Amino acid sequence: MHIVVCLKQVPESQNVRIDPKTNTLIRQGVASVLNPFDYFALEAALTIKDERLDTKVTAITMGPPQAKEVLMDALSRGADDAILISHRAFAGADTWATSFTLAAAIRRLEPVDLIVCGKQAIDGDTAQVGPELATILNRPYATYVKSFEFVDDSHLKITRQTDEGVAVWRLPLPALVTVLKDVGEPRPRSYRATLRARRYEIPVWGPEELGVDEDSVGLKGSYTQVVRIFSPERKKDRIMLRGSVEEMVDELYYWLKEQRVPGL
Amino acid sequence: MDYFLTEEQRLLQEIAYEVTREWIRPVRAQLDEAEEFPTRLLKILAKTDLFGVCVPEEYGGLGGGVFENCLVVEQLARGCVGVATSFAASGLGAYPILLFGSEELKKKYLPDIASGKRLAAFALTEPGAGSDVSAIRTRAVKSGDEYIITGTKQWITNGGEADVYSVFAITDPTKGPRGASCFVVEKGDPGFSFGKKEVKLGIRASATRELIFDECRIPRDRLIGREGMGFIIAMKTFDKSRPGIGALGVGLAQEALDIAAEYARKRVQFGKSIISFQAIQHKLADMATKVEAARALVYSVARYLDAEPKDASKYAAMSKIFASDVAVEVALEAVQILGGYGYMRDYPVEKLLRDAKILQIYEGTNEIQRNIIGQELNKEYGKKKETIL
Amino acid sequence: MKPLVDKELCVACGECIDACPVGAISVGDECAEISDECTLCGMCVDACQYGAISMPDVGTGADEDLSRYKGVWVFVEWRHGTVHRVSYELLTVGRKLAEKKGTDLCAVIQGHKLDGVEKDLFRYGAKTVYVVDHPSLAHFTDEIYGNVLVELVRRYRPEILLAGGTSTGRSFIPRVAAMLQTGLTADCTELDINDEGLLLQTRPAFGGNIMASILCPYRRPQIATVRPKVLRAEPLDMPVDGQVVRPDLPGACFVSRVEVLEEQVLEGPGANIAEADVVVSGGRGLQRKENFAMLEELASLLNGAVGASRGAVEAGLADPSQQVGQTGRTVAPVLYMAVGISGAVQHVVGMQGSKVIVAVNRDPEAPIFDVCHFGVVADLFEFVPAFIRKIRKERGEEV
């Protein structure tokens, strides 16, 4: 079984801010990390590998050269191979252009039985790349997967989270899933895998290796365009209540009534 | 201070510390409060390969020695000595097999212990045989192809949780200490059961239980080494494991120092952070000096022991005494620096103090360690030709 | 490819240097220069007050006559016999967009046993309701729902397509966008028509710390999703006199490789947390599971639901279904009360869309006070019971 895990390097979201005075991005202290949800994608793939010994896990990411770090991390936790998709031409890609590029890479990695993605990335929060990638590759997919098991060698039984509950599906392979944290607690780095990762040369694929036209990737291959980036309006100034508990209770009741909170 | 570690040794430290930072620290107070065995954390540790740190590569381990084991347990002890003890006790349980077991026993048990799939334990202490190891009463009688073990072991770390036990029993009562032997007993062997779980002052995440052998029958090939080798197996095991107790002390003391220093920088009294007061600075200076001295001794001894010297016991004992004493002293000072907060359960240092105390007691009390050193000194100086006086 | 710097307009002030998150900009003698480090994020464009920096154009895709696309469509979500509230919210904003464009608002609904569903949709201004009623639409699958919507779009060519950012919409709308090879903007908080007549889609990114306005200039339809309760639903006083179209679709649309084995509606304490107008959430500060009883009492007084922080769930104080935050559920009620929750960013991203946020915490330094509207520094074990007594007293109930 060959599983491809799609990873993304993201800025630690809590540190990204726009300076309200200059309206510029404050980049001080913003570290790049593996998208937290992608740890679960990797864990899902490695869990399968724990149980099915013939499984190979390949981690891929598209990004600048330093995105190699998240692949090193994946290798250190037990992924067998890693591919960095990186080239100037890929810059500025929207979700379509990203999915298109990842699809081209996965075609080069075929046969691929299962593609695993995190439910979304914390920088864009779109949750689009998984379904778009599956659609471009003409594979069935399931999003928000909480758990899965093999019915046989070519079918998964998955449980997906819906707004009102869960749905249980039978999903034929090859397929794609986007997973939730319920698939398992991400494992730590292992000593042997980390040593191996340090000696592993991660191949870098550009448009040439992927066999794609430079005009079909990156910003040029995108259909959506960001025209403005700005700070959200600041919340109304907060009101800190003062006085005794009884006084604060009265004041809060007054304010909530004022705000027309239903039920009061 | 740089101890000139290899890339591999540094990686062991890094990975062990990651487990401390990401997994152990967030739950240590809860495990302590609930006296909960860290099953989940040991599963996490199993995925790091660290359980195999001193198991040879041919049996699925990483092929490290006493020193590598010390590097790992020191980092885990920064998180919680209860968890680190559960981890280290599995290595302790494996040592008799590793050092004296037959090829068959090694092949059968070591790979699973190295991968963390099975947890091991070391069972020597009895109600009437603590510091006086020669007083053990548990009997093993050969009967055809089996040994029949009867007796009770007390205060066994990982008791009830471990799958594989190295158990010491008397095979020949006429020979005193030379009549003891060591066996592998598995959880589930007929006649083998567990007594109550002990309630402890510290290391409350670790499980300490009584082992009860009621005509427990095991195949005769579970004998480790030969009959009568029990005492020597125990002593050789302790020579390997005691620096590890020192390393637990170093890790605990480092954590206490880190917390105390961080707190002293943040805590403001009389309009200044308290670290600006010399009374606090001197305490921290002493703590830091002791931690570094303990680490230097533990590392030097561990490296020396890996060269398989003849006089291992004396140095193993020194590293255990010194670092465990430092752990208690430094934890005590950390509580003092944190003042009222240090005494409260909301802050982690009172637990460090409770946990530290066991390091002076288990795997041979510090008094027994001093006996070992004292006896060795007497022997050494007796042999010395040159005199000064 | 890099942003374009207009040498005439650039005054080499250097403002853009600080704006660049990857440090790709330097200022030469005459104007700003952008290095190959550039990731085309667009930050510098907005930072330049002289309008000297612009982004290179996006792709146009295959040649197509865009003027053939007309109308604003809303995908109406059918959930177990009712229309999901987000659909009414979308019809309301869709109506405004259609007015601005001078075009019609249409609704498309898929499901099974949909008789009479159009009436409600006329009340929200849908001139045409496309109804696809088929047994294989009784349960949601990405493939069939996607195939049907794509077929309808290809046939009727709407200019704008809106859908709810629900577990359904967020799952299959990307498939629709990819099959149609057009742009999609997820989780918009604001939709408007710009001067060129394009759909201006504004959405948060980086956990809500940054807003981005996005266009899809060259592909149709322009597709956007909006989360429930972000926009208001306003029915018309008089329903429009609309029509129902029941398109006949080829059988191939109704084939799915996925087989639905089972669907379960969630039971459990967190079941209605995403829908409730009032959410009272507890954190580790509650200390014991039994203490959640007072939050339940408060929530039931206000017809609300009880949520929890990740810390509370991990400590076993609350059910995982109640978890609010990055790894739990996203809620946006009218009132969100965070009780004994410190306010880690992972929690905040799950509730920051709430209209009124009240924080109750003993620690005045707790970060939750940075995001709340009303802050109460108090012992929750005193405050919450007192607040319950106050509500009962105001209602004239026995206390």
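A, B and C are the chain letters, set down in written order, and residue numbers restart from 1 in every chain.
The rule we apply is simple: a contact is a pair of C-beta atoms (placed from the backbone, for glycine too) under 8 Å apart; a residue touches a chain by one contact, two chains touch by 3 or more.
Remember, it's a predicted structure, so these values are computed and weren't measured experimentally.
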- Note on the structure: In terms of mean CA position, the chain most removed from subunit A is B
- Note on the structure: argmin over chains of |mean CA - global mean CA| returns A
- With chain centres taken as the means of their Cα atoms, state the distance from subunit A to subunit C in Å. 18
- Note on the structure: Taking each chain's centre as the mean of its CA atoms, subunit A sits from subunit B at a distance in Å of 41
- Distance-wise, how many Å sit between the C-alpha centres of subunit B and subunit C, to the nearest whole number? 54
- Of all residues in subunit A, which touch subunit B in the complex? 185, 187-192, 194-195, 198
- Note on the structure: subunit A contacts subunit C in the complex at 11, 13-14, 16-18, 22-25, 27, 30, 36, 64, 88-89, 91-92, 94-97, 99, 122-132, 134-136, 140-144, 157, 161-172, 180-181, 215-216, 218-232, 235-236, 238-241, 245-246, 248-250, 252-253, 255-256, 259-264
- Query: Can you list the subunit B residues touching subunit A in their complex?
  - Reply: 7-8, 11-12, 15, 18-19, 22-23, 40, 44, 47-50, 62
- Query: If you look only at subunit C, which of its residues touch subunit A in the complex?
  - Reply: 1, 15, 18-23, 36-43, 45-47, 55-59, 61, 79-80, 139-143, 146, 166-168, 170-172, 174-175, 177-179, 181-187, 200, 204-219, 256-266, 271, 274, 277-278, 301-304, 326-327, 334-335, 345, 349, 355-356, 358, 369-379, 382-383, 386-387, 389-391, 394
